[in-house]
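Common to both upcoming complexes is chain A, partnered first by chain B, then by chain C.
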Partner chain A sequence: MRSYAAQRAGLAVVQLAVLSVLVFVLTSLLPGDAADLRFTETLTPSQVAALRAELGLDQPPVERFVHWLGNVLTGDLGTSLISGGPVADIVRSSIGATLVLTLATLAIVVPLAVALGIVMGTRENGRVDRAITSVTLALSAIPDFVIAVVLVAVFSLKLGWLPATWIGGSLLSSPALLILPIAVLFGRTVCLLSRQVRAGTVAALNAEYVTQARRLGIPRRQLLLRHVLPNAAVPGVQELARTGDTLLGGVLVVEAIFAIPGFATALVDGVETRDIPTVQGLTLVLAVAALLINLGADLLCNRLVPRSEILR
Partner chain B sequence: MNPREVVSLGLVAVPLAVAVVGPVVPYDGRTGLPYSSEGVLGTDGLGRDVLGLLLVGGRTALGMAIGAVLLAYLVGGLIGLTAASTRQRWLDEGMMRPLDVLLPLPSLLVISVVAVGWRASAAAITVAVAMMNVPTVARLVRAAALDAASGPVVEALRMQRESWVTIQLGYVGRSVLGPVAADLGTRITLAVFLVASVNFLGLGLSPTAPDWAVSVSRNREGLLLQPWSVLAPALLLVSFTLGFNLLADRLVHRSRRLVESTR
Partner chain C sequence: MTPVVRVVGLSATAGSAVLVDDVSFDVVAGEVTALVGASGSGKTTSALALLGEHGDGVRLTGRVEVGGELVVDGNGVTRAAPGVRGRVVAYMPQHPGSALNPARRIGTTLQELAKLHDGDPREAVRAAQLPGDRATLKRFPHQFSGGQRQRVALAQTLTCRPTVLVLDEPSTGLDSITRLQLVHELRDLAATGLGILLLSHDLDLVRALASRVVVLDAGQVIATDVLPPAPDLQLPGTSTAGQPLLTAMNLSASLRPRGRDVVLHEADLAVRAGACLGVVGRSGSGKTTLARCLAGLHERYTGTILLDDEPLPVLRKRSRDQHRRVQYVWQEVRGSFDERRPVDQQVARTAQRLRGLAPDQAHAEAVATLARLGVAAITAARPPSRLSGGELQRAALARAVLANPDVLICDEITTALDDHGTALVVDLLTELKDRGTALIWIGHDLRLVAAVADRVLVLDAGRVVEQGPPATLTTAPRHELTRRLVAATRIGDNPKTPPVHGRVSQPHAYCAAPDGHLAEQERRER
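Let's turn to the complex of A and B:
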């Protein structure tokens, strides 16, 4: 167990190193930079060159990378080319809304998906199982933005029950704002997760140790909670780590539609204005978050079922 | 074929037919006022004929996703098959380990980079979506091929002195097809989602492009004025992904039943 955790953490460190290089290389070797984009219409070429020197855009890439990495390691994500303020401030001000959205969605999705998965798995191919499977299958085929557009049209524009866009203030202080975004994010995640839990439950129920436990007369309730659930949870937890990526994509769409000033909105803004330090800072934070989620999921799976191998 | 399969095939076929045949249909949509109900399906926010846009918008909406998945299978499948069939452990490790490192790469990162550098280039978005699928495809193919390659059938074929090519392509390659077909359905759905989301956010194709996802995004304020301008492209997209999801589900069931019957 200890050595598994150590090995897995070692891999995460390597991944982190590679990702930081990738984030930098991919974002900085691109054609066109903020100096080009901002002032080409109003400035002469020599003024653009001066601006580029001031922003440090004229130095060789390797030098810029070392400089950037050194700063990142000391907790300095750089300065935004557009606002002139520290990138860390942009990260701090935008991460809250995204975290609220993601965590609130997960808080609803996870218990529901586990419950649905077990209900389906224990009634394999029964009427209930087939009904829920069909619904989840259909729901998971509808893109987030289609659900969002339709929900906004019906509940905000037509019926006027719920707000369609963010109008300022804290997300937590006005829960009505959260209802539609979470409804959009909820659909696909719950489908993907519950299907994995179902598959895990079916596999666990058919395993020999469950037959053996039944023969020993262990009550059904205890059998399900103590023996089936931990095994059934493994594909679910792994799927959850993978869904993290899907969920983030969904959050991006949701933030754009409901004009919520979160991480995704900041990222899209950064991309649009070619504010490279901001894009680098935001994607680095995202990449680290994804890494940690995967690390956590793998460690948790190993804890639940200590036989899982490292990777693959 | 049972009724359910016919329905799923139909769901896939309709948008596919629109995407393939649409661009050559000699339909001359007239422009009018925004969100008016002129023409068969009315006009969109820019006053363009919705039906005319639908006919040309499928090529990017479906083509980019399908192209990305095919490319991912070409690269990832090759890596997976080679890694599984090689006897050199270092080659296997050397090809698979770097992919493990790339696995947690957030797709948003790749997308935003492509959007910064090659905005509005369909080819660039296709390649980016493909690259994001390569690690998982390679893993899947490798696992499926290893399963087949370590079985008694390959052992027997080898003892019959069948050539390496016959064994690899004739047996291992063919037995990989089952899991691949099942995976293809969900993967194409996800690729359609990803491409559509990029376009919907305005990070991909130009906001005036006839692409279905772009149309949904552009006309969403007009949903109550001219519902078809949003619903028609949305329905075509949903029909395609739903059909593929259902087909993939059938394939998974079928391959599982096959495995159980041979046990």
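Let's turn to the complex of A and C:
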């Protein structure tokens, strides 16, 4: 277990190194830069060139990368070309809303998806299984913005029960704000997750070790909770990591419709204004979060069902 | 003596097919009853009826009484059936290793069973000859060797304190020394008053243990208390002179990169066209690693492997012709079949891919080869999950044979076969040998290896400790291991043979080093 953790963490470090290069190269490939975009109308070409030199945009890419990486390693994500403030501030101000939304969604989806997955898995191809499958698949098949528009139309405009948009203040202080966004995110996540738990349950129920436990007289309830669930959870945990990635990346449609100033909004703003340091900083934070989530998921799976060797 | 199990007129039907037809037998406390028969003869179906268990769509009728409770009657399985599982009848499946939950520490499951059936896990662990310390109980199944996993599964069944123990092919995959030990352990268990139902096609094991024998064939009892004679496996040992076809020199293999965990030390071997080289040793002695090196599957090795004096690379660098010329059949074949396609098609595929035969031609050849090995065309047209272990193993052999190989490596390919199946396999291999195929036959049963091979290597802890013609090895063995392998071939001949419990084969010493580093242990004890 411990050596597995060490190996897996080592792999994460390598991934991180590759990732930092990718983030830098891809953002450098964006056409145009901040100097182009903002000042062409008011400045002469020579002044634009001077500005570019001031911002360090005329340096060769390798040099800029080394400079950027050095700063990142010391905790400095750089300075926004647009606001002039540190990128870290932008990360801080935008990640709160996304985190709240993500965690609240997961808190509702995870227990429900596990329960549904087990119910479906134990009744493989039965009527209940088919019914739940149909409903969750249908929910996940409807695009986010359609659900969002319908929900807003019904609950905010017609019935007036729930607020349609964020109007400032903390999301936590007014939980009513969260209900509609979570309802939109709910469908797809619950579907994907419960499918995986279902598949895991079916596989575990058909496994020889569960047959043997049953033959040794272990009652059904105990069999499900202690023998089936730990094995069934493995594909679920891996799917959960993917869900977590997606949610953290900010679901642009949800943020846009409900006017929540989250991560995706900040990222799109950065790209639109060619604010390269901001885009790099946000992408890097997101990528690191994804790495950590997947690292955590893999370690958890290894704890659930220890295997001697995975890195191959 | 009142029987603890009474089976009277048991039948199992699936639609119009009759799987088990009017089978009756008793199991008596303190004695071993054996159900004997080829794979597919209905042994397991009959035995699972004691638990009131049956496959989907199968109907049980007759009368099965277990520990005074009626489990099956004329109307099928009764309500009392779930209550006897574990508590009265405990069942050990054929591959107990996969019957352990990979997600649970072995101690957790043992405690759970103990609580349920009022047993004592420590006592059960001791009876199953495992070290009962805390560290062992905290380990996960994958941290045990194959042999130890079998013991863990046994400890689980014993924790339930059953009155009847059902053992399904317990000697499958055991080397002959371990098998001898199994005989003594089962005798000890029976002596404690346990009624044992032994399902086996291993007639030597049955002769050594059982006081009652029921012979099944195609679901019917064809004899009681009489054992069918073992077919004669004597073969002429023909060796052809000439250049070696496959040569390995100075072959060392390790499990981990950069030569850590060496499992094979500087082995040399050569086999000529039309000859058969036997390799024997206990489990864990490096036999399979040796085979995997030659087959190109094990890449962490040093040394030279030559085919016709040309270096033979690892599998993924071999040319199509090299693929065809060297074929490997291994022990656990189920995973090597695609579960969605019929077996005969998969067998035919090698002839299509490696020899460029037309599909229908390849299929005809596949069906013919399978039939020779006793797998009927109608059986082979099913997906692998519908074939028994023995049938699949023969299908795997047929698949390799269809490549028309120059070198065929057979790694313990008869473990799931009954005597008849083994004879069919040996017959086919003899013919291949006569046609000039070089065989490498790996086994733990020295008697069978000696009957098939022209020359035998004895491996112990990864080293070749002795080699020579089989006649010399069996009559004048020089190494201690060879002597014990020779002694172990005699379990069926004389059940009264005293246990070969020398210093080295003490059960505990054996469990501590399940991988049979015999030579090393001996050196330490001297």
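Here is the rule we go by: the second predicted complex is superposed on the first by the 301 of 312 C-alpha atoms of A that agree within 3 Å, B and C clash if a C-alpha of one lies under 4 Å from a C-alpha of the other, contacts with A are read in each partner's own complex, and residues count from 1 in each chain.
By definition in this document, a residue touches a chain if its C-beta (ideal position, glycine included) is under 8 Å from a C-beta of that chain, and two chains touch if they have at least 3 such contacts.
Here the structure is a predicted model, which means the values were calculated and not measured.
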Superposed partners chain B and chain C on chain A - clash or fit: clash
Partner chain(s) touched by A:Leu267 [first = chain B, second = chain C, both, neither]: first
A:Leu157 touches, of chain B and chain C: first, second, both or neither? first
First, second, both or neither for A:Arg221, with chain B first and chain C second: neither
Between chain B and chain C, more extensive residue contact with chain A: B
Contacts of A:Pro230 with chain B and chain C, given as first, second, both or neither: second
Which of chain B and chain C A:Tyr209 touches, first, second, both or neither: second
Region of chain B that runs into chain C when the structures are aligned on their shared chain, from 63-71, 99-107 or 153-161: 153-161
Partner chain C, residues of chain A touching it in the complex: 207-219, 222, 226-227, 230-231, 304-308
Chain C residues within the chain A interface of the complex: 51, 53, 82-83, 85-87, 90-91, 93, 95-96, 98-104, 109, 112-113, 116-117, 140, 142-143, 153, 156-157, 160
Complex contacts: residues of chain A adjacent to chain B: 11, 14-15, 18-19, 22-23, 26-27, 30-32, 137-138, 140-146, 149-150, 152-153, 157-158, 245-246, 248-249, 252-253, 256-257, 264, 267-268, 270-271, 274, 279, 283, 286-287, 290-291, 293-294, 311-312
Complex contacts: residues of chain B adjacent to chain A: 96, 100-110, 112-113, 115-117, 139, 143, 189-190, 192-194, 196-197, 200-203, 213, 216-217, 220, 223-224, 230, 234, 237-238, 241-242, 244-246, 249
